[in-house]
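These are the structures, in structure tokens.
Each of the next two complexes has subunit A plus one other chain: subunit B in the first, subunit C in the second.
== the complex of A and B ==
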């Protein structure tokens, strides 16, 4: 996909997020889970016990990771930097774009790939199946359901997974399987139900 | 919560979403990760599912985390892999109460002043190549004992050894803490056994060395401290390295305290973290500590709201000025409970001086004179929980911290505060919750806790996780989704305050009898989509929203007893703060 195609695709993804309705209430409900909790969530859903992944590394440092929301601990019970704003949204987007890109690279089939070594066995198998897009196996709805559940479990209403699947099955312009995998995960990670505690 | 309790869900997916969310909240995990586990849980009733989660050992983690939240402390996390982190041990009451709930005992032991001693996870000490961790731990703990043994020897002949004794003492607290930590004892534990009542040992010695106090009791105190520390160290060294961490809340042992069990150095509710983070000073006295108690046990955040000034009110110093009095009338008597506690929470009850955290030493009688009750008041101290400046019969006076925790245990405000914090913890701190719903939950909690406070807490948690607010995937933080049975939200004022106006004001200000033309039970469009209370002037013309809100704010906060609302009626501080803050925010809209 060329430059204009990529812009189109990003716009479509943004539209997908907005159409699901959840972004409309960012101003008054929900705070980020924060870097630490989201990192934990990634481990529990996607990664195996030997993984060394740290989400904050994608934004450069732990200090920047604090901008994604953190609990200072101690008598200060207030969660910090939890309210979404343009800066932290940009950081989340940056971190997950890189992370999704690394997941997409699994499609190269390189056994030394760092992310391939860190993904859970069942997750890796399903990602590799998705890499065979547009094969029938890669279009299997159950596969898409599983990928959604690995990452987001049941944290979002069903309408969200339906909208996600429908978009990728019908409107998404596929460039490469790698890009498809990357965009599929990126759109889950940027879902408000993934990022925000309600 | 009964086993038959169930609540319907719009779809199988929604039930699974609820199960996942509930597991995350009360089992401290991301949710139910195993697909088969989720499928089998989805077949059960909601009450059965919550019971299963409450039977899981991770429910203990939730209880500690919630108790710490209630006590005003937020650890970064309770658990690290399979053991409970040192951070979870900051307040002993949170562990005691969690253990009680797990055995359906008395949850309200969270209000016990004296608490058992729990020590946090032992850590691997830093070792050099070829060194054994056990040997390193022993070496550092031996160094602690050497120092304490020396102090005991010197204390046997203090007149002769004063200079040397005091030189040893001067570096002792930081040295001891450092040795203990280097020995692989967690920071929380190191502070627990050196700060608060434990540091009374230093208080006695500090007073002798630098405060001009006599040497009475020094030898006994030093010996007690040394022997007690030995008791603890023996227990630490005896722990099997494989089992040196507590894996479940039920398994957290109570440690033997030795001489530390004596009343004036007994482990109490207020852990080392309390004393370190809420220091007193020669100017602020104990007000930080008083403010902490009001905020965390009574949900009173000290919003400055004018009060009626009593006739015999003193004037001329800070705290008695009318605007300052709005907080100090309750803050100072609460601070008075801590009048015997000086630097690092050391107990100066048996000494005639006191040293503050800013290291200023003063005569104790002079310092405590501020709390002495005047003649004819029937009490020694003006110390207590003050609800009213005009009706002394509803205030509760006492003297010692033990009394304060009895007051808390028996006060409805503290129970209501637990319910409020549970709602904030479960539903989110910024989420609006209808005050009538909270009151309904509070009454239920109080009634049920008369039979069993642990079951009452579990039921409270159950009610919160099956609430519509909890179930809503995308709640609006300014809307309420749950109401007390029989309550119709339609046409009522905004949910944050509707019930409070109804409870405190509706006798005079409802549609059946709107005194001053004001009906505080309705919320109507007064024109152009602007909502306000029905409020009519003498010509039956509606006042503007701004006029109505201004009048309400003035009447709630005036110091004039004749004008103040609610008239001749007690309104709790928390309710009043909610109303005033809401009215002031509405005025700005």
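== the complex of A and C ==
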């Protein structure tokens, strides 16, 4: 190969290495969104403007929230603690179990309930319909589609919502409404398409 | 010549290495039923070991070869294996702990770089540019966490995702929160469904490999929860991190723990170099207190934590004897990647020894050509060549520098691997296919 060809090849190799290095730093796909971004997602999909919900309080503290993935800030662009491990999976489950349980308590019909006051009006109406489980209204597939979309929008493939609906329609026949609502939301929150960047 | 074929070979080879690297800690390890934990005290910045267990007589200071701001003559510290060193003023807190520690001196770090990051990477991963850290590799798959860490380490460790940063206060909150939680039961129907989604989304790309990690983490998360429920921390406002380490070891939650403490060890300025004697004493005090804690904390009815834990105390390198450009009375110190001193103690370590030695032991010592090829002979102590069969420093003066002649940090880590039963295929190598740094068999008891 001639001299100029080799120079081009070396330049291409250098560019590839630079790009790979840069992408390695910037691309966080497959890592958790982190506590802060997930908190935003929850507000965006489920909660109204007066809500006081904070995910980190459900985990225990801001510092423990950092174990779910965080951006240190300043000049440090590295996203930290974003790769799934037993600790953060335990913490996600800890936080979302409590949160889902609070959503399930809406079925008690207490208008002073804290979570009932924090949910968006349309979300609350649909959750209350689901609370009539196993009535026909609560089995309406459109209701289930809406609940899925509130939380996840179109961030997951169709197969996920199908699997979710099928599971609850067939496995929760004898469940209490509160348990059904709680587990239905918990399983959305713990879904990889909800927690991970793509 | 760089052809298209070679270009592809290099690029794809590199890409494959990246993938293999990140999967390295997932490889299977021999099941290890015998309790064995690892505690690493790291003092980043490069501490001056001449104020610790690699001291020099004041006659060398008088000859203006090496500065010693303590002005105190070090004591001869003889190892049970016949090798000796000088214990400087900073080691006083460890005076009566001779049989509880072994000093490894004359340890070479990366010969190619003298930066903090490259040498911290080299210490932890065996590569100046980072890679798989040795500590997660010490974990068998039976413990939920590879480790917990207090403080920061600046290093590029690709396999550190199961090493959890934790403060004592967070650990306390965590224990309280987990106790209030319904136990995570992977066999109940909702968890079976959630796991089925992880499995359905599992694969080898970034998203799908994380889904696979979520799937494989659930049984460990359930065990972790169960163990954390059993953690007993003192009921006080401020809990020493060692108490957390002790509980996480005793309950079988974590294989390793790192306590990283930032002192102003990077003593380029004379004002900082003058603080080194006091800093050395701080390091020795921390080491002594850690040994006392481990000895005084029962692991079970027969053993203390010291009996089941290997302790390592290190920095990324030691420091130069002086700065040539500075006035001797006002000199600071620079990085010395050709010499380091590491303290080892506890399980599997044959204690009371001094392994290895650095050169420049007298003001008129003749240096090897190997040393002079890497340094002009005025600034750096240099690890002496090492006889791995005898476990002693060699007296000969090599003509040329060959890394295989020396006691390197790779040998220290491979010795730890051997102590923890890590598969030999993961042992560190010298750069450029130079073979594996030998295990220092004399270190193991």
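FYI, the second predicted complex is superposed on the first by the 166 of 198 C-alpha atoms of A that agree within 3 Å, B and C clash if a C-alpha of one lies under 4 Å from a C-alpha of the other, contacts with A are read in each partner's own complex, and residues count from 1 in each chain.
The criterion applied here is as follows: a contact is a pair of C-beta atoms (placed from the backbone, for glycine too) under 8 Å apart; a residue touches a chain by one contact, two chains touch by 3 or more.
Just so you know, these numbers come straight off a predicted model, no measurement behind them.
In the superposed model, A:85 makes contact with subunit C only, not with subunit B. Of the two partner chains, subunit C is the only one touched by A:171; subunit B is not.
When the shared chain is aligned, subunit B comes close enough to touch A:158, but subunit C does not. By the touch criterion defined above, A:191 reaches subunit C but does not reach subunit B.
The larger set of touched subunit A residues comes from C, when the choice is between subunit B and subunit C. When the two complexes are overlaid on their common chain A, residue A:61 makes contact with subunit C while staying clear of subunit B.
In the overlay built on the shared chain, the residue A:36 is in contact with subunit B alone; subunit C does not reach it.
Look at A:97: by the touch rule set out above, it reaches subunit C but stays clear of subunit B. When the shared chain is aligned, subunit B comes close enough to touch A:45, but subunit C does not. Residue overlap on subunit A between its contacts with subunit B in one complex and with subunit C in the other: 29-31, 193, 197-198.
Contact residues on subunit C toward subunit A in their complex (touch as defined above): 1-4, 7, 10-11, 14-15, 144-145, 161-162, 164-165, 167, 169-170, 173-174, 176-178, 181-182, 184, 189-190, 193-194, 196-198, 200-201, 205-211, 213-214, 217-218, 220-221, 223-225, 228. Put simply, subunit A touches subunit B in their complex at residues 21-22, 25, 28-31, 36, 40-41, 44-45, 71-77, 149, 153-158, 193, 197-198. For subunit A in complex with subunit C, the residues that touch the partner chain are 1, 6, 9-10, 12-13, 16-17, 20, 27, 29-31, 59-61, 63-64, 66-67, 81, 83-87, 89-90, 93-94, 97-98, 159-160, 163, 167, 171, 183, 186-187, 190-193, 195-198.
The touching residues of subunit B, counted against subunit A in their complex, run 11, 13-14, 16-17, 19-21, 29-31, 33, 35, 38, 69, 72-77, 87, 273, 277-278, 428, 430-431, 472-478.
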